[in-house]
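What follows is a short report on a single structure.
By written order: A, B and C. Residues from 1 in each chain.
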Amino acid sequence: MIRFEGVGRSFGDVRAVNGLDLEIPERELCVLVGPSGAGKSTILRMINRLVEPTEGRVALDGRDLRSIGAETLRRGIGYVIQGVGLFPHLTVSANVSVVPELLGWPRARIAGRSREMLELVGLDPDRYGPRYPSQLSGGEAQRVGVARALASDPPILLMDEPFSAVDPVNRLRLQNEFLSIQRRLRKTVVFVTHDVDEAIRLADRIAVLRAGSLVQYDEPEAILDRPADAFIAGFLGADRALKRLSRRTIRDWMRPAASARVDSDLAELLCGGGQGYWWIVDGDGRLLGCLDSTLAGCSEDPREIIASQRIEDMAMNHDASLKDALSVMLGSSARTIPVVDGAFRLVGEIGLDDVERAADHGGKPK
Amino acid sequence: MNGKIVLLVASCILSIASSVSAQNASNPVTIGSKIDTEGTVLGKMIVQLLSANGIPVVDKVGFGTTDLVRKAIAAKELDLYVEYTGNGAFFFQGTDPTVWKSESKGYETVKRLDLEKNGIVWLTPAPANNTWAIAARKDLADKEKLATLEDFARYVRGGGKAKLAASEEFISSVAALPAFQAAYGFKLANDQLLSFSGGNTALTEQAASQGSNGVNFAMAYGTDGSLAALGLVVLADTKAVQPIYEPTPIVRKEVLDRYPAIASILAGLFKKLDLVTLQGLNARAAVNGESPDAVAASYLKDKGLIK
Amino acid sequence: MTEGEERPSPFGSILAPAALAAAGLASAAFLPFFDLRPNRIAQGRGIPLGEAEPLALAAVAALWLLLVLSGIKPGRRSGAALAVAIAALALAAAGLAAPRLAGGDLVARLSLGPGFWLLELTAYASYVIALRSGRRSEEKRWAWSLGSSSFIILLLAILFASGSLDALSITREWSAQRTVFAAEMKRHIALTTEALVAGGILGAGIGAAAARGKTARSAGFFFLNIFQTIPSLALFGLLVIPLAALADRFPLLRAWGIGGIGAAPALIALSIYAALPIARNTCAGLEGVPPAALDAGRGMGMGKVQLFLRVELPLALPVAVAGFRTAAVQAIGNVAIAALIGAGGMGVFIFQGLGQFALDMVLMGTLPVIAMALVADAGLGALARVLTPRGLRVAVASAESGR
């Protein structure tokens, strides 16, 4: 557990950090967010003593950081920076192995750990291990950076705008993959970004900073619901409600769906006289299409209807966010859309009213 | 940061110091010479003769220009080298110029002054006058019957085709060409002169020998060895216009006191080095390309001075 | 070549080789290949190759023609080999004709004339062009250069050992001064090495300091640049008096061999000259280390020393060695001038030769200097390559191939 007590830092006349009291609990991802010059990076670098406070103290599990040797401290903390900082003259696996080597691990263990870390970040160790940093793309390089930071299995991970230099498409992928890594490893992560969306996506807790001071420190939902002042409200953006939705997963808010197998009597559904719609699935449960008796008449060939649909455009993966679901609903002008798993098997459906419910203040999933 | 640089520079100097080899075994005599042919040959002779007589020597023959060698002996870098009596006029200001035209007077004057002022002893000179001269192409001299500078003056006054290759110094120095012109009554126009800046006689003699740019006369030194080989003859300075330059070994007094035998040993050698001998030795080195070491050794052996 | 580039016209690509061939052949045919003088300093007469070895001239002409023709087809593999053959043939012709022309007469002097030198020069130029224009990799070019220089050296050695070159004036000059030559060669190499060691320490120190701090940088380079602008001979001369005075006051220095004249002033000046390229490159090398890597390294818990040894040094070293290479070539040349202040070295022959107007003696001093410079350049170039970490070589290669 990392605690800042009355921490201040001046650079000459400039007050970079002002009277900071902050407690970062173990095993949580805490995001420091704020506009440029808010002091986020400075605060982060106080944790591994790259910057020393001019006032106050920083404590790690109750011990003042100054009582721990700087190098010893840093070898126990993972550090990922925007520029990645891979050593150009070392191979990818050598880069990953740096801290374990500093710690004097036996060779075999280092080699195994290096492979493990590369796999963790989604890089094939046989293909990427012998490569050099100059042969990597931006996204690949930063994955190696993360692998390197985790190599010695440090309890704490410091990340300073690690994904900001990556293009938006890859940034999203990296964020998602990092989230899944974090869910597995449960490290204490302190993450700096100026991107509000990124903060909301990733954080267990957000610390909003402005001009060196802590303005609000709470869970993302709480901040989204109740921004402390107009500045934060503005910073969060006018689409706060939508942002809230981005934290909700479809899986938590969907409802069961009625389905019918494609080899059953489909015409019966249309002509049966009932009012309703059915999702049509194949023998394995994979979604093929939709039949709506209010829209299609008895005379029409159900198979033709299904064939002419583009059900892939409507179906959402159950791990996607409600914000994406809403977007699809608006795009396809369907109030209810099917929900599928990774194999495209139907697992439920979700409707606009479910989304509205989720958007309610304090709404909890069923 | 500054301390670092000072430390580095200091360590540099120390590394230089330790890497330059020390030569302090048994106080040897450091023998240098000017970098020209005659200097090198004479220098090698001295080196070989002295070491054959049991005096430890360090061979720094072929050291540098007159200026440098002079500085070296003053700075005690060199102990002995061959200098020319006539140069006393340049080393010591305010001497009577006529003194240098006399063999004995010039020698006595420079010997006295150098010992008084610099603690340098002039030993026995060689009876050869290695002074500035004008040499003519032999074919031209034969045709026009030119043997002396008087003949040359007559030839020039009579409108004969003449072009002289000479160094800047020779042309402008009051003691050189102007002195000749004044004494013999001739004047060379600008287009009759080909000037080399800092030229030495090898260049000027080559020019006359090859007849480049119409040159048929050249500045020369009395003992130059290449004259005959290049087909040139020296025109005699019958009026003794030029100061006398006799090659003489000069040595620092402390060193002479330590090895007094040097004086007599070198006297035995230099007494015999007349103009013709020196020309011959220089010719072997310059014309035949024998190494000065070999020329020196064979001469000394010939004369029975070494085995 | 990548797609989209125009195919060069076959005639454009043979323009240069054809011009060189014409120049080379003309020199061989019309300019004096030899110069025969009755003695060391008299004027000589020129002997063209056609008179000395007519068959050789015909062979050279044929080879030049083949070289030009080989250039028309793309892929010039034979061009380089033909150029080497021409150079070798010229040497062989010299070796064959020399004993015949001047073997018996010990006073006469036979020199190689402009015809020979221009022929060799044009052959070398053709070789370089042929090697460059092919699509060979860096490694293959190195192999070729190594192979062809070894071949030429071997040829020279054979000619020398068999005595064919004895009749040449330059060989006779060397013969007459063998021990002196060996001694001065040793001194030249020693002086160069000492200057490079001292200059290396000074330069690396200044370069490292410059990379760290602005004041050190401007002060250090200011100092070095000032000295660089002073011509070497002038600097040697300037150092004589203060050093002599110093040696006078502290006789201990004289005992160590430090005085106003000789090796000491030369070494001090040479070290300062050598220091500049080394300092510049050390500074550039250190500054070329990506700052992100340094930040990451510190953040990971590397100490200052470890950071230097493991990150900065391997990345900066190849650049620093390149600076050392420049300094070495410069130093070898500068040492030749140091002969004028009594420091010895190959300059002794250069200036004695100049003084006596014996140009072959000058050559005897100059050719070794050129050879040493070439060897140092190639050797240190290879060293720089070897010291370049694979990661950087790969980066350069992928940049070159436009990945």
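Following the convention adopted for this analysis, contacts are C-beta pairs under 8 Å (C-beta built on N, C-alpha and C of every residue); 3 or more make two chains touch, one makes a residue touch a chain.
These numbers were taken from a predicted model, which means no experiment stands behind them.
Student: Connecting every touching chain pair, does the picture come out as line, ring, star, complete or other?
Tutor: line
Student: Farthest from chain A by Cα centre, which chain is it? Let me know.
Tutor: B
Student: Can you figure out the chain closest to the middle, judged by Cα centres?
Tutor: C
Student: Between chain A and chain C, what's the gap in Å when you average each chain's C-alpha atoms?
Tutor: 61
Student: State, to the nearest whole Å, the distance from the C-alpha centre of chain A to the C-alpha centre of chain B.
Tutor: Going by mean C-alpha positions, chain A sits 92 Å from chain B.
Student: List the centre-to-centre spacing of chain B and chain C in whole Å, with centres computed as mean CA coordinates.
Tutor: The answer is 36 Å.
Student: Which residues of chain C touch chain A in their complex?
Tutor: 290-303, 306, 310-311, 314-315, 389-392, 394-395, 398, 403
Student: In their complex, what parts of chain B are in touch with chain C?
Tutor: Against chain C, chain B makes touches at 1-2, 4-5, 8-9, 11-13, 15-24, 32, 35-37, 40, 60, 62-65, 68, 71-72, 75-77, 200, 202-203, 206, 209-210, 226, 229-231, 286-291, 293-294.
Student: Using the touch definition from the top, list the residues of chain C that touch chain B in their complex.
Tutor: Interface residues on the chain C side: 39-43, 107, 109, 172-173, 176-177, 179-180, 194, 197-198, 201-202, 205-206, 209, 212-213, 215-216, 219-220, 240, 244, 247-248, 253-264, 267-268, 271, 340-342, 348, 351-352, 355-358, 361.
Student: Where on chain A is chain C touching in the complex?
Tutor: So the residues of chain A in touch with chain C come to 48, 50, 70-76, 79, 81-91, 98-99, 102, 132-135, 145, 148, 158.
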